[in-house]
Amino acid sequence: MDWGWVSDHLDLVGHYTGRNAYLGLIAVAFGFLVSLPLGLLCARYRWLYAPISALATALYAIPSLAFFVVLLDFTGLQDRTIIIPLTLYTLSVLVPAVVDGLTNVPEHVRQAATAMGFGPLRRLLQVELPLSIPVLIAGLRVATVSSISLVSVGSLLGDSFGGLGYFFTRGYQIDYPTEIWTGVIAVVVLALAADLVLVAVGRLLTPWVRRSPRTVIRRRTARAQARAA
Amino acid sequence: MSIFTDFWGWFTTGANWHGSDGIPARLSEHVQYCLLALALASAVGIPIGLLTGHFRRGGLAVTALSTAARALPTLGILYVLASYQPLAVFPVILVLAALGLPSILVNTYTGVVQADPDAVDAARGMGMRPSQVLLRVELPSALPLIWLGIRLAAFQVVSTATIAAFVSLGGLGNYIRFGLATRDYPQVVGGAVLTVVLALLSLLVVSLAARLTVSKGIRARS
Amino acid sequence: MKRRTRLLSTLALAAITATALAACGSSSNPVSSEGGNDSGSSAGSVVIGSTNFPENELLANIYADVLRAKGVKVSTQLNIGSREIVYKLIQSGKITVLPEYNGALLAYLDPKTTATTKDATDQELSAKLDPKLEVLEPSSAEDKDSLNVTKANAEKYDLHSIADLTKVADTFTLGGPPEFKTRLQGVVGLKSVYGVDFSDRFQPLDEAGKLTIDALKDGSVQVADIFSTDPSIVANNFVTLTDPKGLFGAQNVVPLVYKAGVNQTIVDALNAVSAKLDTPTLARLVSEVVSDKKDSTVVASEFAKSAGLV
């Protein structure tokens, strides 16, 4: 591993890290925007959950490169050709996360809110969603890490679409493991950083969790993570 | 849509069913890689999950390990390993196993942690040794979640095993790569559809295996 | 706590909406030196593309350097799939300039072509090309597909030309890029021109990169398609089989351009590059990228300077 090469190309690494972060995070953001209403609908009308979940699963199975290629004809060689499939992939994790989060709100809490005079929207925004945050964060973590990692496949389409995958393909083409390793390490670091940020955000948004008995929280979060994994 | 008629045309062309590039050949390569990868992921993930779950230690390590495994860019690792060992099969297996590991590991751990505490308590009270508690109570109780983990892992592994083609090791990804290089879209779609179907089938197969091995009492609860 | 939750949820909603709006607003990527634009290009600003192998990327970088020196606004789209994808992009004007090879391009446009000399190739190419496109002056630099075998095999089976492969077609496996199987300048032509049939014994590898070279070295394939300027042919003592029937024809480097996207300055600059390139120079530059691991952009700009093009 030639660290000299790495230090010479730090600006290039930085540039592609930015691209990777942008493509991955936008996909998750859009995925969340779509999953929230979808999940709400599925939580309310339970019969919707099975078909929507099945659809999300089927979408996730589509090999990413094939997806990109087929879209190429419709969306051209643009960022959106990468972002759309990545967004759809996140649905298989985020929709269940939203549904799980909402349905795991204890019934008595929901009823207490109604009894206190909360209308459905206010109850949603101030009670159900905040209580769902641990589960939502668990899902967002998985979706974010996977998306950031998956962006690299876009490099098979062209240099500007693979984020850090640029280093994989070039390093492989000219047989230069240093370059490939650089890309790999950068992706892992970026993904883990994003993960840590989400953990921190989750902790910030749920101050009441820290005051609860630890085993209950550990179990609840573990269950959520198991479902999201 | 024309994409699907294209696929049907490709799928029903006799020539595509023969030879080393034929559908059966590529399918069997694909399945072999997936089975080996899942076996490896289970061989690593289940024991670690069982042990950390039983001793209630290392929960954080389990999450960290699975996050790290998920962060690994499959294509990148594959390229790196393939550049050291071109045309060797084990890089593909390794990479796919790393992909499936998180689901299996986390779910096994959670399954053990969530085993009915009363049953575990009773087992201990009956004088069972820790290993017996693990194997005779916690493990069977965790089986539904373990199978869930394997199911999720199988699904991911089958749909990602298409990358084997990018280091020229065959599998259904060959149709995607080949089709891409020659702008033969029916072929690309063919590879994609076959992969999706295989992935969904794997869900079915694992669910069936779960149904056969999980005892009725536990199934009723989960 | 009520207020905090409300504040946080509003912030979160705002953040998500902002990102969404930002993304919708800029559907092309934010870095100005890359990325294709919806509008394609207008004369005075060009998009230079390349296919996915080092030499092509290098040529694109050389073009980019030279054009930038002439004050043209350049963006690049490099390492895109294969020619098949890229050709469609230049046809629609989303790419303006592409480094091409006259013979290979002709074979792609007209699989039945029998042109083998440079002049015949150039003539037919101009005729077959989409009227929106144009090829400029071909360079004397050539990079052809070439079939190579290991020195040991060449001696063992007495192989000198592609025609000799008939001796071993039943036992040899041919390795090459995936598209080699269906191209005239590939498995198809080998059968029709030389009577050597590899359709069942073809292993798709990569764009004559490490995989192909290693496969030839370790015997996974016995004959491989490697581009003639690749330094590994010499480095590994491979024997290039001669091509007496000219199947791989003339393969001069030539810029392919989208007519509406270029002006005379651009055309002149690109022709100047072609004039300064010859096969040994090209091979040397490729070796700097592939063997010495120098950056393609660095090698390109050094060449452009030393050739007096900038």
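Letters A, B and C mark the chains in the order given here, with residues in each chain numbered from 1 onward.
Methods note: a residue touches a chain if its C-beta (ideal position, glycine included) is under 8 Å from a C-beta of that chain, and two chains touch if they have at least 3 such contacts.
The structure presented is a predicted model; accordingly, all values stated were derived computationally and were not measured.
Participant: Tell me the chain pair with the top count of C-beta pairs in contact.
Facilitator: The largest set of C-beta contacts joins the chains A-B.
Participant: Could you tell me which chain lies farthest from chain A when each chain's centre is the average position of its Cα atoms?
Facilitator: C
Participant: What is the distance, in whole Å, between the centres of chain A and chain C, each centre taken as the mean of its C-alpha atoms?
Facilitator: Centres of chain A and chain C (C-alpha means) sit 35 Å apart.
Participant: Please compute the C-alpha centroid of chain A, do the same for chain B, then give the distance between them in whole Å.
Facilitator: One centre to the other, that is 20 Å.
Participant: Can you tell me which residues of chain C touch two or more of the remaining chains?
Facilitator: Chain C, residues with two or more chain partners: 81, 85, 206, 210.
Participant: Where in chain A do residues touch two or more of the other chains?
Facilitator: Residues 155-156, 169, 172, 175.
Participant: What positions in chain B touch 2 or more of the other chains?
Facilitator: Residue numbers touching two or more other chains: 82-83, 177, 180.
Participant: Tell me, which parts of chain A touch chain C in their complex?
Facilitator: Touching chain C from chain A are residues 5, 9, 15, 18-19, 22, 25-26, 29-30, 32-33, 72, 76-80, 83, 125-126, 129-130, 155-160, 169-170, 172-176, 178-179, 205.
Participant: Which part of chain B faces chain A closely enough to touch in the complex?
Facilitator: Answer in residue numbers: 3, 59, 63, 66-68, 70-77, 79-80, 82-84, 102-103, 106-107, 109-111, 113-114, 145, 148-149, 152, 155, 158-160, 162, 166, 173, 176-177, 179-180, 185, 188-189, 191-192, 195-196, 199-200, 203.
Participant: Using the touch definition up top, name the residues of chain C that touch chain B in the complex.
Facilitator: 81-82, 84-85, 88, 177-179, 181-182, 200, 203-206, 210-211, 214-215, 218, 220
Participant: Of all residues in chain B, which touch chain C in the complex?
Facilitator: 19-20, 82-83, 86-87, 167-168, 174, 177-178, 180-184
Participant: Which chain A residues qualify as touching chain B in the complex?
Facilitator: Of all residues in chain A, those touching chain B are 57-58, 60-63, 65-67, 69-70, 141-142, 145-146, 148-150, 152-153, 155-156, 164-165, 167-169, 171-172, 175, 177, 180-181, 183-184, 187-188, 191-192, 195, 218-219, 222-223, 225-226, 229.
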